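Only one structure is covered here, and it is reproduced in the block below.
Letters are used for the chains, namely A, B, C and D, taken in the order the chains are written, and counting of residues starts over at 1 for each.
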């Protein structure tokens, strides 16, 4: 998810529910920034990431541009903001270069808060007499903002990870998990002609549909995510130095960037991998927790090392449809989120929440896919080259945001998100 | 096809047939270099391309490394050559940096010819008492060399295209095609559960199998390739300047490289696109000929502009299985190959030969895919990220080399091969 | 001046004077940051520039490292700060990569203020019983901090110049200068064997000495700096497009960066150069004001266009020795400094203050130069390649900081400082 | 010397002498290419170097463009050649990108030989009735070609150094020097007001004048060049790892490029520096030979380590004026040139020939310098930023080419020329 909306036709909520939802989503964004200084919220640690202040403003611009702008009596908060806070909507005109977002020390965080309040109030008033089309866009805007909430978690984490002081965004409210993880079991998946994709009932982004048939081969899925302990075994076995395990592009990436562990693992003075950096600062690497912040290249190499492979998105989705997408480790409050060890229980665990799971499927259009018209439709379709699909949401995803058909996507070298992996194999 | 073998278990030819095939393949490589000077054969115009001399030596090294090296009584022609002429086989040890191949002005082209003769003679002798496993590797080596023959065509073309003198490799033996192309017709494709992939009868590279079932949606395929004339209409309509038509990565590529036409189109003094550079030098752009040397990004944008899309590889293969893969415009002799206008006849035309066709499918493993063991198995599997599949062969492919299940692959920005496109659409 | 101290042995002030000077210098740095938010003070707009917060901390670290650290009873404010706020003193150990300074959103600006207070208090106490060597270092530290004060002006200006909102650091307290500048007159310079360089009386950086003899040819110096109006004539005459006027490196720089005017000139909607960005935001380009923020390449090309050349540092210094180095347009208070039009009076004007003046002399050691020993000696000597000398100070230099022998230096492409030019010619 | 002419007004030779000189210079270029294949002569190993074929053609183009082109009855050999073989004369129009010269496999080396013959014959005929101005340009062209002859030596050496086969251009005709070098003595230099620069008698490039006075401080010059043995002591003492010895830019260059020895030193299998690559291939590093192929950064660091410094160009020239500039180790024939150990004799040795000597002087205009008018005048003046002066010529310089006033210049990181160093110190 490259930092913006992926929108699709959806069914409308009654206005009162929509109003409540709008309130709650908008409030959570503010909560996420609660511990941040103006400086924290303004810095950009790499071109892939954006300043928190920019996320707060861009999600607000979305409502202004697509809901409010054309209403009589609405006045833009600041006529220069569209240039600053449009993300990549070509149809919406020129915009500041992505890599320069971190130089916008003005407007200040406080001014962005005022911008948010101005737009919130206008949306609120608009809700009183809203055409159904606009209500749909507001719902889209809420989903869009939830995507950016996840990016706020991951982008601020990336920024703080560059700081030699290793500052914590939040004190952790959870003790370290010292226990063992339950053994990995192989669960048989569904096979033959299977339907996947969103069927149009309830909200979904356009790339999740149309629902269509795929033929799935016999296979098995691992009952849980791969753990830090298992990853350590991969490292100890020389996994990062064994060219035979890696995709060609992956091996070049490993060599060029001197990759030797997940993104936020840190060595102790003795040289061993002892700590990992997270939203609560540096903590011990807990063996039972799922390994996180890994690239597709790493996930793929690990799977090959383990004699397995990554699941396809059809395999994953056909298994996930039977599960409750709201049940799992999600972001419910503004805190130092992190995944939890798998629970010992039958069936597939950790499918929703905890960590996004790399699939072996490229992010491509489903048969019959049509992008939505207009600027609001520059969302998913134009990213359909070079990226892989991830499924299931993470501990940084707001609860209720994902579903079985939800398709996230990143380039194979990207790993600053809360990403892990689940193994699969042919049956 | 990144310049090397993609090998798979295959059935064995009788020795006499194998001997004849080996002779003929080896001779064709020499013919391709016939018009080139030592300097021509030594230069490298970009990291993606290799010097012709390197192709001639690398294909020879393949036989030396995988057939001859471990035979008693065989002496390496030169112990330093493996370092120079290994391409990317990690298991085969260190090798010269790919981008530095053009600095190897020694050994000379004549020395490479001696190397070839030395190895040819040794293979010949070996054929007298060859274990069946080695015979299989020789057949692989022939297919491998044919792949490099296509690269010789395309890499020397790319080199000469950098030369302001616009030199011709060969005088053209074919008059310019001034006629019109037959109108494009939409042909209904096969749908439902369909099997694709190589079934194991005859030679194939490992990535072509295993044969497996896919569910294909109702669709139609264009009866012929897109022409230069149609591409000109795309340009005239502002296609290269309309962000809405492009993938996000494609648009960035267009802007960064100031792309405004296919790779080898050249403007006349008046500014209009009048000529295209080819193996016979500069010629007039013939409207009826299929457009060539385009990237995936361009193909995809054109298809969107035309209200269509690219075919998937299953759609393409299921349609191609009924056709004769040896019937088409292929490379039979060393000459200035180029594609031909489509013929007016019923059914699909130009499926085999003429130009490789971009599909909308990412190059990924088929269900159940297993890479071959050993160094000889570093062929296809390790390239399975970030690339798209192309089908059907081209005018630069040796006749008989491709089949319906053949999968070529390139990154979406690459376009120096003989690549075109065929449209598809949902039905 | 690459952002840090250039120190040399100097004579000691009486302690009370030193105490007063320390107070006043430290207070001015705080005043400079008075209008800045934490975010403003944390951002870094390019590798050549540093965040204001970093300047405030680095100048403080200087006193901590070279005056306080080894005193009994002194406790480091934070043991991690030396890593963060050392600039380039190799002898002082590892330090954060220069280009990453902008990611240090923590410690906050407030924490840096506490750091300053902590060190100020400790220096104050130390002044009571200070060995003379340490007093010398404190004086050095004051000069060092004044250099960074100039960089605070220029670095925050560069940051704000990247912001499409064109924010002002300070409201201007000075009306626009609409008048004409006095005509440029040629003043005969001193010739023959002439002594230049610091003679050891009073403070100077090591690179200013030793005093030595040079043979100066007959020449003339312009009575004032080149103006915006004169620069506009250069532009109108096609100066930026005429290769014959430029050094080879300069022409490459112009082409690669599409340079067509001084750094902060901005076009109006009609396309003409109408505004320039400064510390008070966008203002009209005043013809009579000296042109500023130009590279050596531009200064050199302008001089060639004007049939003149740049002065050597010996020519400049021998003319400046007769003048009062405290008389001119300097930075006395924290405000939107900018240069003033030349005054109509006899003799050389604008020699001190207003703008640094590019000389045609490379920054190299004077005969007999010796760098000071120890870490404090990594100041000037190690920058003696590839840079040119600038003379005279600017409107952003604290009054009293420069002298006739003062040597500033920058690479020929750098131009974000308050830099202008004065013409010279052979007589 | 960036690969081209630096011309100045000069006095004319009688026509017969000029004819003989033209013959001999032109013949030597051909001799230099005698052992090279078309491929060798066409490749370009880095942007700083040019293909030998290009040197052969560019020096020919010089005569065609500046002597022949405007004569009635002269026909350009090929109208496309000026675009290919102009080097950097902006006034002469567009030209091929410097870094792409290695892609010009056509015209072939044989065609360039024909080009040379064509131009030689036309110059010959022109000599019969030559205006004196044209005779001057021919003499310039001879000096220009001699500069390129040195570049042919160094550029082909650089190309072959990239080849893992370590090919020799020529078999060495000289045994290895196993002896010791005479001890280095300090020789007192001239001081006070001294004149340097060319006085106009005989040929010189424009940047060598005008002759002018400089004031030189008391100093001493080393009697000979620094040797390989002394350089080995610098390495053994950790010189490449001691930041305190290096200029700031030099240290960055060392770190970024992992520099740890002179350009062509090679380690033996045991890890020690045992061999150096040269025009005769790999040979043992002879301790008594002067160290060669070092950058300014290295020379400067070595001098600091040795408690000395580099000489200024005035120090060097004032000492050299008493010596015979034709006496020394120069390039007399086409062979594997290399410097010789110093001889045991009184006075300064190795001043002319053997190796260019870095001075501590930036390449800047002398007082009163004026560049020559017209295209032929784009020679030296435009390179006067960022480079340092070298003096004395080398074993790859044609004998008779240099003089005491001769100023060569390179950027401080460049080291592929035959460059060494001589120490100096204050007295």
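Rule of thumb we're sticking to: a contact is a pair of C-beta atoms (placed from the backbone, for glycine too) under 8 Å apart; a residue touches a chain by one contact, two chains touch by 3 or more.
Predicted model, so just to flag it, every value in this text is computed and none were measured.
If you take chain B and chain D together, no chain is in touch with both. For the pair chain C and chain D, there is no chain touching both partners. Here the spacing of chain A and chain D, counted between their Cα centres, is 59 Å.
Taking each chain's centre as the average of its CA atoms, chain A and chain C sit 46 Å apart. Here the CA centre of chain A is 38 Å from the CA centre of chain B.
Residues of chain A in contact with at least two other chains: none. Screening every pair of chains for touch gives A-B, A-C, B-D, C-D. Those residues of chain A whose C-beta lies close enough to touch chain C in the complex are 37-43, 45, 80, 83-84, 96, 100, 102-109, 159-160, 162-165, 167.
Chain B meets chain A in the complex at residues 88, 90-91, 193, 212-215, 217, 219, 243-244, 246-251, 296-297, 300, 309, 360-362, 364-365, 367-368, 378, 382-386, 388, 412, 426.
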